[in-house]
Each structure stands twice: as C-alpha cells, then as structure tokens.
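Got some structures for you, see below.
Look for chain A in each of the two complexes below; its partner is chain B in the first and chain C in the second.
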Partner chain A sequence: MSDEIGIRAIRLSKWYGKVTALQDVSLHLEPGLWGLLGPNGSGKTTFLRCIAGQLKPSLGEVRVCGERPFANPRALRRIGLCPEADALYDDLTGLEFVTSLARLSGYDADEALKRAKEALESFGLEDAMNRKIGGYSRGMRQRAKLAQSVVHDPDVLLLDEPLTGTDPTSRAVILEQLKKRADEGAVVLFSTHVLHEIEGLTDQVLLIARGQVVAQGKVHEIRDLLEEHPHHVRVQTDQPRALAAALMAVEGVVGVSFLANNTVEFMTRDPDATYTTLANEAVAKGFSIESITSPDASLEALFHYLVERSNRGAGTGADAGSGSVMSPDYQPGLSPGQQAKSPAGASS
Partner chain B sequence: MSPPPLPGFGASVAAIFQLSVRRILRGKKLRVGGAAVGMVIFAIIAARYAQGSDDPSELVGLGIGLGFFDFLVYLLPFLLTAGAIAEEVEGRTFQYLASRPVSRFAMALGKYLAGTTLSVALLVGGLLLLHLGCYLTTPTPMIDELPATLRAAGVLTMLTFLYGAICMFWGAVATEAAGIVSALYLAVMELGFGKLPFFIRFISLNFLGAELAGLPRRGLLPDTVPELVVWAGAAAIPVVTITFLAFVAMVVSSSEYRFGRA
Partner chain C sequence: MAIRDLGYRPYEGERLPASHNTVVLLRHGLTRAWGSWLVKIAAFTAWAPALIAMFYLGTMTWIMQQQAGQMPGQELPPPPGADFVKALFAWQFWGFLSLIGVGAGAGAIAEDITFKAFSFYFAKPVTPPQYLAGRIAAVAIWCFALTFLPSFLVVGMLAGISPEEMRVEQAGLILPALLHSVLISVVVATGSVGMSSLSGSRALTMSAWLIVLVIPQILALIVDTIADWPWLYLVSIYELLSIVGDALFRIEPANDLRWYYALPLLGLVVAGALAMAWRRVRGVEVIA
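Right after this comes the complex of A and B.
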C-alpha cells in the first residue's frame, strides 16, 4: 500500500464514442482543498469519475494514492465520493443508508453504526437520521450523500457539485466539514460552476474547459487574467457613432464595433476609466443610454478566453504569479501555496 | 488518517445481501410476487375442491406444473433479480456501491443471493401452503404426496437460482433493457422451447427440471420427446447457473456503468 496521499493524472483522456470528455490532462494534487471549476459539460464530472474509479481512462492513467482506482479495492477504500445526482435509497433511513455503506467500506456492524451516526451528526442530521430518506428535503439529501462520503475518513474526498440545492445553513455546515477534512490531511476536490462558492472556501482551483485543465492556481490570480485581455462593454444608445467617437479618446479603449439595434461594443483595457467617461459623456452630451452590458463578466467568458489561450499554446507568463494557464503538455506538481512548476519541455 | 481494513469477499457479499434484502422487503416487487403466489395457490385449491376428488394428486401435479413451473418460477427471480444491477445503474445509486472497496462480483453476488433467496422463500413457502391446502381433507395423500412436493420444491429452488443468474446476467449486460431482454430470454429459451416436440425440448432447462420433479409432460407432441436420464437434468441446471454467474462476474468487473454522461 502506498502511503502517498494525492491524485495524479498522467496524460489522461476519456472519450465516449466520438465525444471527447477529457483530453490529455496531467496534474498532481497534494493534500488540501481544491475547487474544480468549469462550465456545464466541461468534463468535471468525467474527471471526478475517473479519479473515483468509476470510469476507465481511454488513454493515459490516473492514480489515487499511488494506485489505479478503477475497480481496485485498495484504492477505493481511500476514496470518498459524493456524486452530483440527487439519487439515494429513498426506502432506507439516513442511518441505514450510511451504515450500509460503512459496512461496505470494511467496518463491522458496530463500528459501521458508530461511524454512521458520527458522520450524520457532523452534517447536522442527528434528528433526521432515523427517518426515511424519501422524506428528506433537498439540503438534507445532499448532507446524507456527504455523510456517506466521509464515513470511512477517506484520504481523497471527491465532491461533485456538493452545494447544489442547499440552503445557507446547510452550506455553512458542509463548508466547515470540507475545511476540516482538508486540514486533517485529505485531498478534498470539489466541483462547481459557480465561482463565488469557491472563493470563501479555498483559493486553490483547477479550471477545466472542453475537457482540458486550462488553469490551476489561486482564484484571484486567475481572476486577474481577465484584466489581461480587453473587456468588452456593450452600450445601447440613440447615438452610437457619437458615443464611439467620444470613447475612442479614452486611454485603454483599443477597439470599437457597431452591432445591431444601435449597440456599440468597446474593447477596453481600463474598464473603470471607460465607464466613468461613458457616464460623463452621457450627461454632458445628452446621450440616451438604453443599456450597458459586459459579456466578459462571467466565469464562462474567462473559460473561453483561457481555452483560446491554451489552444494557442500561450501562458500567462511571469506576471501571472502562481496562477497558471496550461498548454496540453503542462504537467504541474502543485500543492496549496506552491507555485506551478513547468517540467522540462513543457510550457506554462 | 488510516484507511479502513479491506473487507473480505464473504463480508462484502453479506453486507450487500443485507442491504438488498432490506430494500426488497420494503419495495413493491415483493408484494407483487407475493400476490402472484397467493393467486396461484388460491386458484389451484379452488379447482381441487371444485373437482371434489378423494385423490387430487393428479390435479395438484398439473397445478404445480402450470402455476409454479410455467409461471412463478420465472416471475419471481425476474422480479427480484433482473433489475438488481440495472435499476441501480439507471437510478444512479450504483455509484455509491461502485465507490466502495468491494469487488464488483461480490456486489453482484450479494444482490443475486438476496433476490433468489427471497424468491425461493416465496416459492417453497407457497408450495408447502398449496400442499397443505389441497390435502387438508385427505390426510393419507397428504403424507404420501409429501416427497413429491418436496422434490418439486427442490427443483424449483434450483431453477430459481438458474433464472436469477440469467436475469442478473442480462441485467448487467443490457442495463437499459434488462427487463425486456430477460423476459424474452426466459419466454423463448425456457418456456417456449420447453413446450416444443422432439429433442428440441432439451434446450429448456425448465423441461429438465419438470422431468426431475416427476411432473407429467405437457406441450406439443409430448410423446415425441426422448426419455431423459434424470441426473442429466440435475447436473445441467447447476452447471448452467454457475456459467451465467461467471458471465455476470466478467461483465460487472469490467463495465464502467456510465450512469449518464457528463
């Protein structure tokens, strides 16, 4: 048995027929709390299932604590999985559900019962553990799923959208437990497509898009990547050409294009100055502003940008700090607080 | 943190068995199966007392053949094992089991044993109840016919384990169509071939079982079917059962069961 605690993917690819779900993913995650970010359909769940030993890689390999996980009990006993689907044994009580799975983790009946109670209590289900799961609320179901995933104190905890459908109270309980597990030395990897869910929990994230890990590092550094490329600001006004002429004089505005419905789109490297000038010009010259939108203001836009960069083989360069954007050949070894390392022959 | 001990094969099977039995006992399928057994017993007992004969053994034998060998022995394992894996995969609960450190075969075996054990309990219990009900007013035949009833119970047990293995296999191979494929297989290969003339009937293990139980031959041109050495049937049923279980082991150990795609 390997004493190493961690997840390692080596040129991991997975496809379903002609659909590529994961493409050439290489990384190494050491103990700590990791957010796995990506838009819907980006490959997060496939990635987690490969790590959890439920899917076989089409190419490459994944190792959990030094073992290949697919149908491998030695690896599986060190993994806890909280799947995304809201699927549970509704005809069992919460306690029966978690106890049964604890027994399958290798504990005898007494130990399994004890651990199941502790796990359910840690997620605030002490009053509901003897009720059937079919009667649980969405948040309680989510917590029951989480309880079964930690009942055997796994070294690697994989959580697929664990905060879906939870209320603020449940969310606080869940986040506290995840932090505790990470502090105890586990690798906790949880996926989400909502950036702000991660920010209060960890600053270590993986960004995955179109099946590739396109960035790995700290949240604020990856967010700063948005500042590197021009922001797009769309303004719908009654005088688009006059507004464009006024704003082209602003430092940082690097382009302008006219769209349908009297809409003009600016590309600017200095959004604050652009917005200020826009407001001033509107007041001074009496422009009627119907709407102002920014198509860049979403995580999705960041992903697109990073994927495009990744496809071009470009990185953030030295100015990106420990945040890193990866080309497909990137094979980093990164743990919380460390900087991304580029092995010889790879670019970052 | 230290990882938990690896569960042994027997402990894994026992844990899955316990979980599966608990779920079956709380589900609708067992009630459907129980209702079917009850109706068959009621129909045979009603026919027996409507006939009013002092020696109802021939009628009871016919009832066991039609009700138990041609109907219940297919229905119960089908109900309780065909969906054992398929429904977990389709319902996405299989992920909980597949992420535990138990071998996939132990998982399948535990489910198989849970489904077949409860099927056998219903079948054998129902058969004994039928025996009591039919011979209630005739104590002598009740004693005389008991060995035949017990022999039928033994054969039904063997066939239940066989059909459970067949249903598990098709449930593991064709998770999205486990019920229909299992039902088709049993209807054609077992029930259908078991009623055909000549040696073709030997394809059906149900026919071999009925011979083993000493039931009268039925179906098309029964006189054209060659005589069978009894031990051949007794050996063929467990051999085929084990073969199907081996196939189950191969399928579940290598399948990803994608639970929908991400």
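Right after this comes the complex of A and C.
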C-alpha cells in the first residue's frame, strides 16, 4: 500500500452522453482542508464521485493515495465519502447504520461497534445513536452520514455539501471535526455552493464551474494571478481626493472611484505596494484614516468573477443539471502556477 | 452540545479481507428482511403445514394401530411417502415463499435505490458481485429455512412411523427434499431480487413479482382445464419447479412435461434475473 496521501487528477474528464460533467481536470491535493466551490450543476458531485471510485472516468485518470479508486477495494478503504443524498434507512438506528458500514470497511463486529460509537459521539450523537434514523432531524441525519464517512479513519475524506440543512450547533461540531481530521494528516475535500461556509474554515479552495476547475490554491494566490481583476481597497478618510491623487502615482493602481461618506475605492494590481504607499502617505501628509476594507477579499467576489468569466468563455452553453455542455473555446482553468490567459472581458 | 475530541488512535488490529463483505451484506440482508411484516408472518406460520402433517401422520398411525389391534392379522397400509413430502412444498411455496419473495426479495434493490444506499455501499470496498451475492443469499436463506426445515421434520416423522424395513427408504427422502429446497430457494431469491432491480418503486417491483408468480399459473391452469393442453405450464415458475421436484422425488408425472424441459427454463429465469440485477449495479457507476 502506498504511503502517499493525496488526490491527483490527470486530465480527468467525465461525460454522460453528450453532456460533459467534467472536462480535463488536472490537479494535486495534498493533506489539509480543501473547499470545492461551485454553483449547482458545475460538476462538484461528479468530481467527488470520480475520486470516491463511484464513477469511472471517461478520459484521464484519478489517483487516490497513488491508486486508482474505481473498483479498487484497497483504495476504497482509504476513502471516506459523505454523499449529498439525505436518504437513509429510516428503520435503522444511527448506531446500526454506522456499525453496518464500519463492518464493510473490514472490522470485526466488536471493533465496528466500538468505532461506530466513537464516530457518532464525535459528531455529538451520543444521546441519539440508539434512536431510529427516521426520527432524526436534518442536522442529525447529516451528522450520522458524516460519522459513517469517518468511522474507518480514512486518509481521504470527501464530503458533498456536508453543511446542508444543519443548524449552527451541528455546523460547529461538523467544522470542528473536519479541521481535526485535516490536522491529523488527512485530505479533507468538501463541496459547497454557499460561499460563507468555506470562509473561515480554509483558504485552500478549488473553484469549479462548468465542469472545469477554474482556480486552485489559496484565495490570495488566486487573486494574485488574476491580473485583469484588480484588487479593491476601500478607504474612509477625511481627505479622499488628496489620498486618491497620492495613490494614483503608485504603479499598479488602475482606477479610483469616490463613494459616499468620504470613502474612496482603489483598484490595484499591486496590493502590497498600494498598502505601503497608503500607510506612508497617511503618516507623511497627516490623513485621518477611519477604515480600510477590501470589499472583494471574500470568496464571494472571487467566485462571481471566475464564474462570470467562465460563462463569457463558454458562451451560453446549456446547464444540464449534473454538468454543462462545454464550448470548444472554453478557457482553460487556472492553478497557482499558471497565468490567466484571457484578458478579454476583465472587469475593473 | 460539547465538542468531544476523542483523540486519534490508529487501528492496528486485523482488517478482514474485502471478500468478507459478502457475509456482512448477507447478515444485513437477513436483518432487513426480518424488518418486513410479510417475512415475520411467513416465519411464524410456515411451520403450520409441517406440524399439521405430522399431527395427521401421528393420528392416522395411532388409529391404524388401534384397528390392527382389534383385527389381528390384517396388514396395515404403507405410510405415505414421496407424494406426501412433495405436497408439502406446494403449501410452502404458495403460502410462505411467495411472502418471502415479495417481502424480502422483490423490494431489496428497489429499497436501496430509494434510499440511495448505493452511495454508501459502493463508497466502501464492496463490489457489485458481492452486493448482489449478499442480497440474493439473504433471501435464499429465508426461503431455504422455510422449505427444507419443515420438510426435514415431516421426513423424520415419516421415517419414525414407518415399519423398520421402510425406514431407510423414507429417511432417504431427505436428499430430494434438500435438492428441491435449494432449487426453489435459488429461483425465488434470484427471481425476486432481479425483479426488484427494475425500479426504485418497491410497490411496483413487489407487484410485478407477484404477477409473474401468479398470473401464468392461473392462465396455464385454465388452459389445461379447458383444452387439456398442459404446455402453458412451462411459463409458470411454480410449475417448472414442481416438474423438476417430481423428477427429484421420482413421482410419475401427470402429463407430458418432463424435467428436461423445465430445468433449462428455470436456468433462463435465473440467468435473466441475474442479468437484470447486474445491469442495475454494473460498473458501480453510482448516480444518485
């Protein structure tokens, strides 16, 4: 068995008939917590299922811990999957459900029971584990699903929309467990289309749109790559026009706009230089700075930007639920080592 | 709710081979089958025909022994044999295996489709053949238990009440009973589970299996009664099993239908059902 822990996709493509769900995805994920972000129908679930060995790639290959997962029991033992479907056997108790799936991971009855109890306890279901799943709330069902995915201590944990329908308490428990697993050295990849679920949990993201990974890496790394999409800095000061005049001299500042409440917004391709100049000017000329914010530092802005750009690149291809019809001139995805190739349509 | 950090403890014990998963799925299937009220009814009542038969045999034997005591020298009629045991299978099939087939078999895969259980099973080291073997074997074991065990009791009773010179012959009925039970179990389990793979609707697959069992039998019976043409029995699963059962118990057939017509057709039923089920889970492509 390989000691390597990670996920590697090499020109991975998957299509259903004429519908392309994944196209030419190449990436390498090392241990840690990764967010897979994309709108509904972008190919997130297909991608996760290819990694989980539940779908056979149409082209290319995917390797989990160095092995192809499809129909490979050895690889499957190292993978934990929490599917999106909220459909469990209602007449089983949570403990029975998780125990039976633990047994399929090769543990004897006693060990499976012990692990199932631990997994359920770790997700806060110690009081409910002997109740029928039919009586569980949505958040409890979600946690039972998560418990079965970690019951065999997988090296690679794949979670499809794990926070769907969860209340804040469940969410806190789930996020804590995901962080813990990642800290222990597992690759934890979880998908979502809700941006704020990722923020604060990890800054390592994969952005997927129309079956392609359009960006991979840390949020700020991705932003650095997007030269055509300047960084926005919003400054509230007592002298907005004077500050704007000073900063316009900085190389990389490509635009400025004045907002209400003495706020000026700069668009810059060199955030570091801009922040340095901003601090120097404030000290030298005695500007009073009330606040400095970056309105598009959140994933929200990045996500919309990339998806919008993908839409422009792909024309108006029909979204087909589990994937999209890809345009032949579709723009290739980005990774931290690549430069954005299409300056066309860059927003500023 | 407190977040519990239970700590990471790597497992150093033995991991059972993936081939063991068939047994795990089999046990799971047995438990799930027990969850069906149809299976519970069958499991509790399936002993009634055998117990009634044993009571009948015991009573008749006692009466005849009383008569023989009153009329010494009169020879007692021989106890019933293969016909009697074979008749028990008809009761078991229509009375109880039909319930097992509907309650445990014909909804098995449909239920897994409904509950999107493939996503869970095939995320573990489970292969489609293991999955199917586990599902079919669970139903087959229920069927076997409710056919062979009652027939075993009856054969034992027959051997017990028979004159000494017939006991070995009567006890020998256990072999055809065993083979017939295995054949019935395999056909009912495979057929019903195969039928269950046709749709995610349990109501649909269970109804379809019931129709496949009952309608051809009724049609064949009507045609045979009216036109004295028995060949339509070859489309009835029960009759196919019965024809082979006659051959196993060495019972003279009542018509021109012989085991060598029936056995290939039963093979087709099993192969067709397996093909249907395999088509559903082939390639393990799981799309919820």
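Throughout what follows, the second predicted complex is superposed on the first by the 220 of 348 C-alpha atoms of A that agree within 3 Å, B and C clash if a C-alpha of one lies under 4 Å from a C-alpha of the other, contacts with A are read in each partner's own complex, and residues count from 1 in each chain.
Here is the rule we use: contacts are C-beta pairs under 8 Å (C-beta built on N, C-alpha and C of every residue); 3 or more make two chains touch, one makes a residue touch a chain.
Keep in mind the model is a prediction, meaning the values are calculated, not measured.
S.K.: If chain A is used to align the two complexes, do chain B and chain C fit next to each other or clash?
M.R.: clash
S.K.: Applying the document's definition of touch, where does A:Ser122 land relative to chain B and chain C: first, second, both, or neither?
M.R.: After superposition on chain A, A:Ser122 lies in contact with chain C alone.
S.K.: Once chain A of both complexes is superposed, is A:Gly43 in touch with chain B (first), chain C (second), both, or neither?
M.R.: Once the two structures are laid over each other on A, A:Gly43 reaches chain B alone.
S.K.: Quick check on the superposed pair: does A:Glu61 touch chain B, chain C, both, or neither? Answer first, second, both or neither.
M.R.: Neither chain B nor chain C is touched by A:Glu61.
S.K.: Thinking of the overlay built on chain A, is A:Leu76 touched by chain B (first), by chain C (second), by both, or by neither?
M.R.: both
S.K.: Which partner chains sit in contact with A:Tyr89 here, chain B, chain C, both or neither? Use first/second/both/neither.
M.R.: both
S.K.: Which holds for A:Val173: it touches chain B only (first), chain C only (second), both, or neither?
M.R.: A:Val173: touches chain C, not chain B.
S.K.: Do chain B and chain C touch any of the same residues on chain A, and if so, which?
M.R.: Of chain A, residues 45, 49, 52-56, 71, 73-74, 76-77, 79-81, 83, 85, 87-89, 91, 100-101, 103-107, 148, 153, 184 contact chain B in one complex and chain C in the other.
S.K.: Hey, which residues of chain A end up touching chain C in the complex?
M.R.: Touch list, chain A to chain C: 45, 49, 52-56, 70-71, 73-74, 76-77, 79-81, 83-85, 87-89, 91, 100-101, 103-108, 111, 115, 118, 121-122, 124, 148-149, 153, 169, 172-173, 176-177, 180, 184, 322.
S.K.: In the complex of these two chains, what residues of chain A are touching chain B?
M.R.: 1, 16, 19, 21, 41, 43-46, 49, 52-56, 71, 73-74, 76-81, 83, 85, 87-89, 91-92, 96, 100-101, 103-107, 148, 152-155, 184-186
S.K.: Can you name the residues of chain C that touch chain A in the complex?
M.R.: Touch residues, chain C against chain A: 1-6, 8, 10-11, 13-18, 20-21, 24-25, 28, 32, 35, 114-127, 283-288.
S.K.: Given the complex with chain A, which residues does chain B contribute to the contact?
M.R.: Contacts found on chain B: 1, 3-7, 11-12, 15-16, 18-19, 22-23, 26-27, 91-93, 95-104, 253-254, 256-262.
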